[in-house]
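Once you scroll down, you'll see the structures, which are given as structure tokens.
Next, two complexes with subunit A in common: one pairs it with subunit B, the other with subunit C.
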Partner chain A sequence: MINDLMILIFAPLVAGILAWAFDVRGIREAIGFIGAAIPVVILAKTYQTVLSNSINYTITVGGFKLIFQLTALNWYFAAVAAIVGIAMALGMISTSRSGYEWLFALMSYTGVLGVFLSQDFIGFFLLWELMTFASFMMVLRNNRHESLKYFVLSVIGAYAMMLGIAILYAKTGALDFATIRQALYMDLSIGAISKGESALLFVLFLTAFGVKAGAFPLHVWAPGAYSEANQSYTSFFSGALSKAGVYGILLLYILMGAKLYAEFGTFHGHLTFAYVIAWIGAITVVVASFLAVLQEDIRKLFAYSSVGQVGYILLAFGVGTSLGFAGGLFHVLSHAVFKGLFWLVTAAIILQTGKTKFKDMGGLAEKMPFTFAMGLIAVLSLSGIPPMAGFASKWLIYEAAIQAHMPLVAGAIFLGSGLAFAYVVRFLYAVWFGQRPSDLDNVKEAPLPLLIGMAILAIPNILFGVAPGLVTEYINKAFGSEIVGGDYFKLVTPTGTYNALLVTIVLVLGLAIAGLVFLYGATTRKIPVTNTYQSGNPVIEDYNLSIRRNFYKPLAEALDFWLKYSWDRFYERIAGIAEDFADTLRQSFYNGNVQSYSWYLAIVLLILALWGVL
Partner chain B sequence: MNGQYAALIIALPLVSAFFVPVIKAISKKAVMPFLLLVTLAQVGIAGWVFNEVYTSDKPIIVMAGGWRPPVGINLYIGHFAALFVLIIAVISFFMAYFSIKAVKVEPLDKYAMLFLLLMLGATGMIATGDIFNLFVFMEITAITAYALTAYNKTGEAAEASMKYMILGGIGSSFFLIGIALIYGATGTLNMAQIAQLAGNINPTVAQVGLALLIFGLAVEAELFPLNAWAPDAYQAAPHPITVMFSAFVVKAGLYAAARLLYLMQAVSTWHSVLRLLVIMAVLTVVVAEFSALRQRDVKRMIAYSSISQVGMIAFALALGSQAGVDAGVFHMVNHAIVKALLFLGVGYVGIKLGGTTLEDFEGLGRRMPLTAFAITVGSLSAVGIPLFNIFWSKVRIMLAGVSAGYTWGVALILGASVVEAVYYLRLIHRIWFAGGGERLSESFALGAIMLFLVALILVIGFYPNYAWSLAQKAGADIFDVTRYVSNVPLMGVGA
Partner chain C sequence: MIGIDWKIVLEVIGMLIYATFMGFIFMGIERKAMARIQRRVGPPLYQPILDTLKLLGKKESVSHGLIYDFGPVFALGATITALLFIPIANFQLFSSNADLIVVAYLLEVPMLGIMLGAMSSGNPYSAVGVQRGLLTMVAMQLPYGLALIAIVQHWGSFKLSEIVALQSVHGWSITVPALLLAFIVFDIVFQAMLGLEPFDIITAPAEISMGPMLEYGGKHAALLFTQHAVQLFAETAFFAVLFLGGASNLIELLIKQIAVLFIAIFVASIYPRFTIDQAAKFFWKWPTIIGIIAVLLTV
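Presenting the complex of A and B:
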């Protein structure tokens, strides 16, 4: 078993390097795909083992002991990443033509797996940085400005984490999770870490993980970075890589939960620190969902949507109850599969049409029927319609929030769901139905590998939707307690029961009846798709609102006051100030005048004298 | 073989430097090959010394003229010196080859002579066990460095050299006063004996002496605000010389400062000096990184980056803990490799394209792919991306810094590193994703040198164990003063 973990983590990286080195069409794709598939195989093989005992591997690198461990919990995260990873590889076979992209896509895959499996902070930080760097390189290729925004925010996060790690190391003398956890637990009675230091640690780690998860107000990198990478890769970027941030928050609970609880106590019956996380999640959900609604670019829409959906997970973890964790973990899976699927669908649309704006699209359902079906599954799952995976997880999160008496937070979930519906409806209609622009008449169905990739992600959406018990049962085992009851098809919590199978049967029956009515009862009039019009409303040029253009403009006008404030612009301004400051500093210090340089020497001597050392 | 042959690391470059005019008299064309040959021989000797020290795990003490210290002057080639003498020799060898390509300005024989003396000076500073000898070597280094800075004979070069000379001159004068004070108080110039006696001298004399020594060396070690000469000098010097400045000349100053600092631990104001050094080092990092941000000239930009990295090394060395010194030494090694690679690459671009402004780097990925690749690897390493060597030493420094109680310092350094990431990544974007142009032919041998350095970066990045063990031994050599003293066979004088 020793080498299994190493192969699991580093197979994608090695494959990436090989694919980059042998940059020949066919070979590159084959190597890349194999590299992405190896983790899936190993994870499948270890499924039985991890539930009973963990698999460990320790290696000493540069004086640091790196510990990797496959436990029930991180197997789950790794498996989610692996599913999205293999779908990404299939997508990239169709959409990528460069070894460069394969190298960095697979490198980030390695990074994500490594982050999940690390049991010590050095390995965690190393692979975290590797993951950040690799995903940055994917964006750098297309857009310097957006990639740098992403990288700078990520690096600020990573360095915050580094500082946190160093403080923990200084206080506990350890870098591995188990010892740190124990030391922090012991510290409850010793009190070597003060309240201020605990708060500092919390803020540092929250910043680090918040950036990756795209939590408000550190989310500004996400729209640019997600939309400026190869879209097949974005399925992984948004579906799996952002989960590293979520995983980090979970880690924060595991390592520091007791300490933070002891220092900050409770607030209205909730853990204070968790309450902060819950609200960050709730605000992220609302803000990002509103912004998603207002987007005119398909990629931007999903980017904001992705930020919002990860907000759900943060919110769920912030609830702080076991049901909250279960819901959050379930949503990790469902978000990965439906958002991954969305991005692959987007990849297919962009690949086949070359367009990204809603205004240029329409009527594609007929041209790309399979892609459309996949898109529909994703839409249903994202907007939380049973019997899809997205419903089951959101339902659990909602239950958790209600049960924990957090009505406002639960309200954010509701609002977010409504908004999600609003934006996916637009996607559904504007892209697939309605009038087709004449330049899209020759669009073809997406290539086969991409379609297979989509299918790989679509199946879990349905499977875990109809049988959500499969997931909750695993989560129960991972936590070692019965958090969510029921069987494969039924979720039972203290507040309610959701029978997915029953819903499915009713839904299928309903659809069957509707289908029969449609086939035998309704009178239909066949018209070409180019002949639909705007719901009967005449279109005037100066206020041209259609589903494809400025559809939610009235909403934007209503939100005018809020939209004036933008974190993005705020950060840009800070960056500008920093650059100007840099110039001023250089010009005033390195001013080229040797007399002032000599004065610097004199001043240092003076300081030495004043200090009492001279 | 007798350890006393290790004196050759000093003797060979010195004697060879004096032979340069003779060689020139024989054939003018033979000067540069001679330089190459001498540096190669130096690599051989340094390699032997390195092997000797690390296999026997004991320092080589060379006693000049057979006189035992403190009567005679001794060289102390411990783990640190052995490692760094080897690095100096290897880099000098590479640069000797690069000089053949890069330096066309006459008089080449003077260049070769100064080149060898620069190498000698840095080697001597690291290897010596005598404080006045240290001063002599420091002056040799500094004076050759002034001359080499001005070697290109442009107005800028002359100005840069002038600044360097003035500031360096002030620094070394104070250094000399420091030596005089220490000598007056202890009656010895031997570093091991000074360490023994440091606790007993008049506290005021000791603290002033220490402060002046450190002040003098801080100018050479490019600590803020004494580093104002550095960007100009780095930019104006011939490309191979810039590499040498960054890779080992500044390191020699740093090492000397660290060595003296730890030898004189017993001085009462020792902790204040450390604190001051930490403050200066942190400011060095911050100011240099910000200065690099909008720099239009890449060579100068990397010069600022080099200064900031040196500040980070100084920070680590001034922490006063074993972990800090180890990390600092590790960073020294990594930085020497990375900056040698970067300045080599940038210098080569300067020669091929006639300039080193940012615009010259547009489309470099297409024009000079190998050089572009080397610069990219170097840049990524400098940023501290994992699986490149600097990642490990940077992490070590951060951990050591917070453990030593300088959380604010680490926070500032990390903040400045964000700035560093920005300008390096902008450069990488410019190299690969902007502009274009015809492909130029690249020198095979220089390419091989760059690839060798790239390979070192990656090997240390992927598997730092060996490099780290070297750094630990070399760090212990600086930090463990008792062992240093006991290793020097002092005649029964003093305490």
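Presenting the complex of A and C:
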């Protein structure tokens, strides 16, 4: 019997293979879209069931028992992936012309769903690798160097995870999550796993999941990989695939939380191991946001911003209180919808203009009004303007961090949100406003499927912003306790409160008052952007007066000391040294001289003889 | 049918009128006091009202498009929203429905509206103003956040009305040593929030001719003036609520607001303007260090 869960996980992969096999325009897109839509349908169907009891499926492959389970928690992650997945498919109808991209995009979709649903390390690891491989292939198509960087870091993560799994297997003799969890819990009293081994396990898994989540200092692959894949796919890559790393961190808590707490105790009232995660998150937020502000390429800007926003989630999980988890989980959703939307907007801009640098753009708001409106929604949500989904989740994270008495970590959020303001305004100004370069005069609005994809992601931004209780209520049910009180429209924590609906109503009223003053004021006359005050200098079309390059130069000047250091350059240097070393080895040993090869053979035989093998 | 609470409707309308009027008077006080310090006579206190009415009475105003019109409207609307979630003296308004973080955010939203409008005008001076505005915000955000965190950690609540109630029992925030440090930080940041020297980098009349506001005239400018008035009232009230124990009636609040305003005016009339990178370096040095000490003392 074919199980729902199997269809859910493997439908995208099958559709991807079919789309690749029948590489005909029209059919390819139709199959791909259906494949991406099936998980949405199944997840919608199972919504009622998962809250009361989980859906299980076990399959035996090659002697290994693979367990898949749809619980309330991983339904949430899968649903987030599915929303972004269907928007990605719509975007790809417009931006992709190849079966290759459909195959690997949908393959990584399967990988992500599989990672979320696996309940044992065999399936988890295999599907994790499938996800990594597919996303690597997507980057490889456009840029070899960036894809290799992604590959090397992913391999480091994979080895770390495999070692971790091996140690866990050696110690507990189990690979499925439930048994491991229980074994580690039992180990609290037995003490078979020493303190050093627990620390090793923690570091290994943190590395493995940190790479995917783009945590500092393992984030260096993300800017390159996010910007070099097809932008429609990047909406999924950054919106959903990076959440696999976040999910992994959550898994770390579920499996090893009690053990790590017992081994390392608390530090000034915080769980020590969680405190490490919180600080990694905080540093990621600050570093990535600063770098995002200084980017000159639209894709790089959003790539760094993605890294920074996932940092918020790590930070929230690191707080370690139930409110922190609620905030982090909410931010998983809101980041997926606003960043997915941003990438689709970017896809539309790049598709229609063919430019990626800010210096080549400008004045597009008149040409692409719908895309602009969608971009504005994403901007409002990302910069955390009430009442948007981005604000509700950030608000929870603030409350969690300050309530848990992590003042410096909370300070990092304040700084990060100021920086977020700065980089989204940069995007608004450089792309949409100001004088339009003459070569962009014929730009058209984005194609329809892409616009539908954007709308699908824009609606949750507003819906979950006005009614954040929809999400927190689900999270409450998933954890089985009342973490965030209130109703659909109002969030109540022990010390704070936020009524999203009332804020919306008052904001609308305020806008109405201001709008009335405006409407009953004088008549307006529209004038072109070139008709501005210039201290008496005439403005002529020949000079583009919009500031598009080095917009935040003063910030770069204020930061020049810090900008001298870069992890990216550090890794590149190590890579360069390794490459040079390998080159030297190759040139000196494999020199094509038969005589030297025979010498090697003689030496090896001599060594073996001395060893007593021969 | 949802029952409408007429008392709160009247309070809201009354408060809007009062805040707008007092905000304009604050602007007048600012100009008058500056003038007296510089040994000029200065305009009468109600001059900003006359200015705004004059701007509203203009026959025609020019526009650079929809977003250019939307910017000031959005800014004023968001400022009104922020005002209505602050407990003002004995009027609670909607303050039980949103806490400190929400108000702090709402007070920053108008900035985005002004920036949106300024950017869409296409004027390079405005663009420089936008850049400076956002960098100032980035620079001041860390000390600002630390000061707010210190307040929340000490009083153990995010709710503004609770913070006021606790202060009326245990004494004003500034009587607590750690919060006195937070107060110093907040007051430095406040200078930037009001756009006064040494942080009037955003408008810098002598350099970039009012920056973001440059292109605006007629009713657009009138909206922005009104927005500035309401914002001034809201921010001074926010200050009084956080550090000066709130107020039990409007007169008490007014005295505290004017006290806060005068500190800002005196500082502004002494110091020259920073450049933007100097401002960033300054904010990340002493205010941040004092802020960190304050939050660590209140943990």
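In this text, the second predicted complex is superposed on the first by the 555 of 614 C-alpha atoms of A that agree within 3 Å, B and C clash if a C-alpha of one lies under 4 Å from a C-alpha of the other, contacts with A are read in each partner's own complex, and residues count from 1 in each chain.
Methods note: contacts are C-beta pairs under 8 Å (C-beta built on N, C-alpha and C of every residue); 3 or more make two chains touch, one makes a residue touch a chain.
Quantities reported herein were computed from a predicted structural model and do not represent experimental measurements.
K.L.:
Should A:L585 be classified as contacting the first partner (subunit B), the second (subunit C), both, or neither?
P.N.:
In the superposition, A:L585 touches subunit B alone.
K.L.:
Based on the superposed arrangement, let me know which partner A:L507 touches: subunit B (first), subunit C (second), both, or neither?
P.N.:
second
K.L.:
Is A:W562 in contact with subunit B, with subunit C, with both, or with neither (first, second, both, neither)?
P.N.:
In the superposed model, A:W562 contacts neither subunit B nor subunit C.
K.L.:
In the superposed arrangement, which partner chain does A:T60 touch: subunit B (first), subunit C (second), both, or neither?
P.N.:
So A:T60 only meets subunit B here.
K.L.:
Once the structures are superposed on A, label A:P407 by its partner contacts, choosing first (subunit B), second (subunit C), both or neither.
P.N.:
After superposing on A, A:P407 lies in contact with subunit C but is clear of subunit B.
K.L.:
Could you say whether A:L148 touches subunit B, subunit C, both of them, or neither, answering first, second, both or neither?
P.N.:
Touch status of A:L148: first partner only.
K.L.:
Which partner chains sit in contact with A:F570 here, subunit B, subunit C, both or neither? Use first/second/both/neither.
P.N.:
Touch status of A:F570: no partner.
K.L.:
Tell me which touches more residues of subunit A here: subunit C or subunit B.
P.N.:
Between subunit B and subunit C, C touches the greater number of residues in subunit A.
K.L.:
Where on subunit A do subunit B and subunit C both make contact?
P.N.:
None.
K.L.:
Spell out the part of subunit A that touches subunit B in their complex, as residue ranges.
P.N.:
Where subunit A meets subunit B, its residues are 60-63, 122, 125-127, 129-130, 133, 136, 140-141, 144, 147-148, 151-152, 155-156, 159, 162-163, 165-167, 169-170, 578-579, 581-583, 585-586, 589-590, 592, 594, 596-598, 600-601, 603-605, 607-608, 611-614.
K.L.:
For a test of understanding, state which residues of subunit B touch subunit A in their complex under the given definition.
P.N.:
The contact residues of subunit B facing subunit A are 162-163, 166-167, 170-171, 174, 207-208, 210-212, 215, 218-219, 225-226, 228-229, 231-232, 269, 272-273, 276, 280, 287, 290-291, 293-295, 380, 384-387, 391-392, 395-396, 398-399, 401-403, 405, 407, 410-411, 414-415, 417-419, 421-422, 425-426, 428-429, 433, 463-465, 467-469, 472.
K.L.:
In their shared complex, at which residues does subunit C touch subunit A?
P.N.:
Contact set of subunit C toward subunit A: 16, 56-65, 67, 69, 72-81, 84-85, 94, 96-102, 105-106, 108-109, 111-112, 115-116, 119-125, 127-128, 130-132, 134-135, 137-138, 140-142, 144-146, 148-150, 152-153, 156-159, 209, 214-215, 218-219, 222-223, 226, 275-277, 280-281, 291-292, 295-296, 298-299.
K.L.:
If you look only at subunit A, which of its residues touch subunit C in the complex?
P.N.:
Listed in rising order, the residues of subunit A that touch subunit C are 268, 293, 363, 365-366, 383-386, 391, 395, 398-399, 402, 405, 407-408, 410-411, 413-415, 417-419, 421-422, 425, 428-429, 432-435, 490, 493, 495-499, 502-503, 506-507, 509-515, 517-518, 521-535, 545-547, 551-552, 554-555, 557-558.
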